[in-house]
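Both complexes shown next keep subunit A, but they swap its partner, so subunit B is in the first and subunit C is in the second.
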Partner chain A sequence: MNLALPLPEYGVLGLALVVLLYDLVVPERVSRRALGWVCALGFAGVLALLLRSDAPQVAPVPTAFGGMYVADGLALAFKTLIVAAAMLASLASLDYLEARGVRWQGEYYLLLTLVTFALMCLVSAGDLLTLYVALELNSIGFYALVAVLKGRSLTSSEAGLKYLILGALSSALLLYGISLLYGLSGTVSLAGLAAWAAGAARSPALVVALALVAAGLAFKMSLVPFHMWAPDVYQAAPTPVTAFLSVAGKTAALALLVRVLDAALGGFIGVWDKLLMVLMAATFVWANLGALKQRDAKRLMAYSSVAQAGYLAIGVAAGSALGLQAALFYALVYVFTNVAAFQVLQLVAESGGPELSGLRGLGRRSPGLALILAAAVLSLAGIPPFGGFFGKFYLFAAGVREGIVAGRSWLLALVGLAVVMSIVSLFYYLILVKQMYIEPADPEAPGTGGPVAVPLGARLVLGVCAAMILWTGLYPSPILAWIRQALF
Partner chain B sequence: MGLREVLLAVFAFGALAFALAVVSTRNTVYAALEFVAHLLCLAALYCLLDAPLLGVLQVMVYAGAIMVLFLFAVMMLDIQETGRESAFQGPGQVAGALLLAALLFALLVFGADRFPAAALAPAAAPGAPGVGADNVVRVARALFERGALVFEAVGVLLLTAVVAVMVMAKRRLEN
Partner chain C sequence: MFGVGFFLALAFALFAVGAFGVLTRRDPLVMFMCIEMMFNSGNLALVALSRYLGLASGHALVFFVVAVAAAEVAVGLGIIIAIFRTEKDVNVDHLSELKG
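Our next item is the complex of A and B:
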């Protein structure tokens, strides 16, 4: 057993201990703002470690703890995204928490590191037991992070409670599914399940088990109709938490879908792909049409995130190596794009309020911020030269290819629907752009006069994200090579 | 009748006596302590029946953790005595309780006769894999080899839950 395999996880746990001790030792009157920097630096260190390690290129992937922890390329790639998102989230939190005088800053950063640890364990899960414990760990951390503004914002507490109740329900669904699978196969190890699925007969109990597992995972991924929590939680949570939840939570859920459905239960693709496609079709229609009538910028982005989850799932439904690569590339683009969009909205909301109208005149007041937000939403819509274009292109291509090669006409129809809905999404993304550049600023409105203040942490976040949006759009081949190497 | 049977009888009667004491004591703290004694008797029964792991878990989880919770709740709510009256009120309740007990006993006596013995797994010989002390070794191996990561993750989960509960529940201190 190789105990050194989970080195990145140990690093994040060590960071959590540093945060805990800092909060304990430093007197209470001293601001906890420095913790944001400590976290960002710690995550940057772990990120460097992850980027330097090579994905295994030969067949038996290294595992630890009797196969309960898997260190394959998939885990490595997703962990890199998660840790990068955690680093950006800590940078974005610095001034956000300070401006609101949040009392629980030490605990906030501690929960942020612990949630990151949970997500890393989640994508490395080689066993349904590891998967479930890590999923619960990350959920509990997120419940508290969402509600950390309690006392200042009632909606934050409400969102935390909603998330808790629906999250517990989804955990129960997943657990039922897992227990049924265990009852049918006699194993909880994902490798064991894959061996069993290759030869097992289909039964009604299997369909129920797959439906329950898919429902539990779809909740984490916020696919319709398991999305009910997403708009409220995304709108009311502190913006850095929203950004982190929407990118890291979703990419980890994507990794789970890949691991559980594609890898372990790939033998039953004929059973679960119908289930998944119904969810995805509902997601495309509901999220994109629902976003059209939103007036709150964060809520609009929440609907957009639900829609993006649907696109990501195309790679899983395709079930091919190409689909997986496309999903990973899209997840990478999505992390930086969404973080950039939420960061700009967070800065603008400080002065102009959360409504869409707060963006008016931003193109004149802060041209840099407006440009980054415009690039981010156009990337989400899939317009070149931004990364989102290649992301959607690869995903749709993988779906169409799999649909033609394997003769799965349902998949072709689904990709067609995704393309149509992606055009619909362009409309609401352009509403944001229109607010910034075309609508005249209301001279009476508070805080719409001068340029928006951008603190150092936010500057770093925006710089990294803008660079990545452009890089993935203009010169994606090194990133694609990295992905191909990871998912050999 | 060997020592084992004698001890079985002693702890079985002890468990019964303490269970009766729990429902008939007026003082809730005493009742909780008698419940601890009852659980310890059960743990001793498990150990005598070649299931030492179950016995140890019984002490750790029930007699330890859960009872501490009970005692805390009792003390925080400051319940001293539940009224003046005894737990059993009137002859009707006593008769009902006796009737129920008799029914249960009859069910056991007659039911055990009809139960197909073949449905039960044959009793394993002492020292066979999975029996007695070997059970503890196996559980420990599973816990600290395969399950070590999950075990540690559960520890982190508890830490997360403690911090989360504190953030959620603690009122803002006024300076």
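Our next item is the complex of A and C:
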């Protein structure tokens, strides 16, 4: 057994201990704001470690704890995204919490690091036990993070309660599905499930088990109809938490779908791909149409994130190596574009309020912020030259190729629907752009005077994200090479 | 007389009762109890199947599920208390600040 294998996880766990000790020894009256910098630096260190380590290139991938922890290229790539998102979230939280007079910042950063730890374990899960415990650890952490503005904002607590009840319900569905799978296969290890799925017969119990597991995972991924929590939670949670939940939570859920459906239960692709494709078709239609009538900027972005989860799932439904690469590339683009969009909305909301109308006149007041938000939403809509265009192109191409090669005409129809709904999505993304550049600013409205203040932490976040949006769009080949190497 | 089939049927019944309760009751505390029932139906199925298959892995999983469910409820009660302090009412139908 190789105990040194989960080194990045140890790093994040160490960071959590540092946060805990800092909170313990520093006197009560001193603000915990510095912890944001400590976390950002710690995550940057772990990120450097992850970027320096090479993905294993030979067949038996290294495992630890009796196969419960798998350190393959898939885990490495997704961990890199998760830690990058955690670093950006810590930087974005610095001034947000301080402005709201949150005294329990020590707990906030501790939860942030522990959730990151759980997400990292989740993408490395080699066993249903690790998977379940890591999934619950990150979910419970997120429930508390969503409700962290207790006493400051009732909606934050309300969103936390709704998220918790629906989240626990989905975990119960997943657990029941796991127990059925265990009864059928007699194993809890994902490798064991894969060996069993290669030769097992299909039975009604299997369909029920797959449906329950798919429902549990679709909740974490927020696919319609398991998305009901997303708009409320995204709107009411502290904006840095919303950004982190939408990118890190979703990429980890994507990794989980790949691990459980494509890798472990790949033998039953003919059973679960129908279930998944129904969810995805519902997601494309419902999320994109639902976003059109939103007036709250974060709520609009929540519907947009639900739709994006649907696009990401195309890679899983395709089930091919190409689909997986495309999904990973799109997840990478999505992390940086979505964090950038939420960061701008967070800064604007401090002066102009949460409504879309708060964005009015931003093009003149803060041209830089307006430009970054426009680039981010156009990238999400899939407009060249931004990364989102290539991401969507690769995903759709992978879906079409798999549809033709394997003769899965439903997949072709699904990609067609995704293309059409992606054009619909352009409409609501352009509403944001229109508010910033065309709608006249109301001179009476509060906070529409001077430029929006951008603190140092937010500057760093926006700089990194803007660079990545352009890099993924203009020169994606080094990133694609990194992805191919990780998923050999 | 009590074979694995009996326990699986009982687990399914518990699961169905729990799911029905979560969907129909509006008091978060009762909803938590129903969710716990659903967790325990999964646990019961795991234990019964583990014994039937003669494997220990299902038993091990159950211990973790019990611990996790306790943690979940602890956070849930914390949030309910935070709401109750300001609202004096935790009926989920009355919590409707967020819509759309």
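In this text, the second predicted complex is superposed on the first by the 488 of 488 C-alpha atoms of A that agree within 3 Å, B and C clash if a C-alpha of one lies under 4 Å from a C-alpha of the other, contacts with A are read in each partner's own complex, and residues count from 1 in each chain.
Convention: contacts are C-beta pairs under 8 Å (C-beta built on N, C-alpha and C of every residue); 3 or more make two chains touch, one makes a residue touch a chain.
What you see is a predicted model; the values in this text were computed from it and never measured.
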Review point. Given the touch rule stated above, what does A:12 touch, subunit B (first), subunit C (second), both, or neither?
Key: neither
Review point. More residues of subunit A are touched by which partner: subunit B or subunit C?
Key: C
Practice item. In the overlay, answer first, second, both or neither for which of subunit B and subunit C A:160 touches. Key: both
Exercise for review: Pick one for A:277: touches subunit B only (first), subunit C only (second), both, or neither.
Suggested key: neither
Check your understanding: Is A:182 contacted by the first partner subunit B, the second partner subunit C, both or neither?
Key -> second
**Study point:** Which of subunit B and subunit C A:140 touches, first, second, both or neither
**Key:** both
Exercise for review: Give one of first, second, both or neither to describe whether A:129 is in contact with subunit B, with subunit C, with both, or with none.
Suggested key: both
Practice item. Scan A:150 for contacts with subunit B and subunit C and give back first, second, both or neither. Key: both
Study note, to complete from the structure: Intersected contact list for subunit A, partners subunit B and subunit C 129, 133, 136-137, 140, 143-144, 147, 150-151, 160
Exercise for review: Report the residues of subunit A in contact with subunit B in the complex, numbered from low to high.
Suggested key: 1, 6, 13, 16, 64-69, 103-104, 107-108, 110-111, 114-115, 117-118, 121, 127, 129-130, 133-134, 136-137, 140-141, 143-144, 147-148, 150-151, 160
Check your understanding: For subunit C, which residues count as touching subunit A in their complex?
Key -> 8, 11, 15, 18-19, 22, 28, 31-32, 35, 38-39, 41-43, 45-46, 49-50, 52-53, 55, 57-58, 60-61, 64-65, 68, 71-72, 75-76, 78-80, 82-83, 85-87, 90, 92, 95, 97-98, 100
Check your understanding: Which positions of subunit B touch subunit A when the two form their complex?
Key -> 145-150, 153-154, 156-157, 159-161, 163-164, 166-168, 172
Check your understanding: Quick one: in the complex, what on subunit A touches subunit C?
Key -> 128-129, 132-133, 136-137, 139-140, 143-144, 147, 150-151, 154-155, 157-162, 164-165, 168-169, 171-173, 175-176, 178-180, 182-183, 186-188, 231-232, 235-236, 293-296, 299
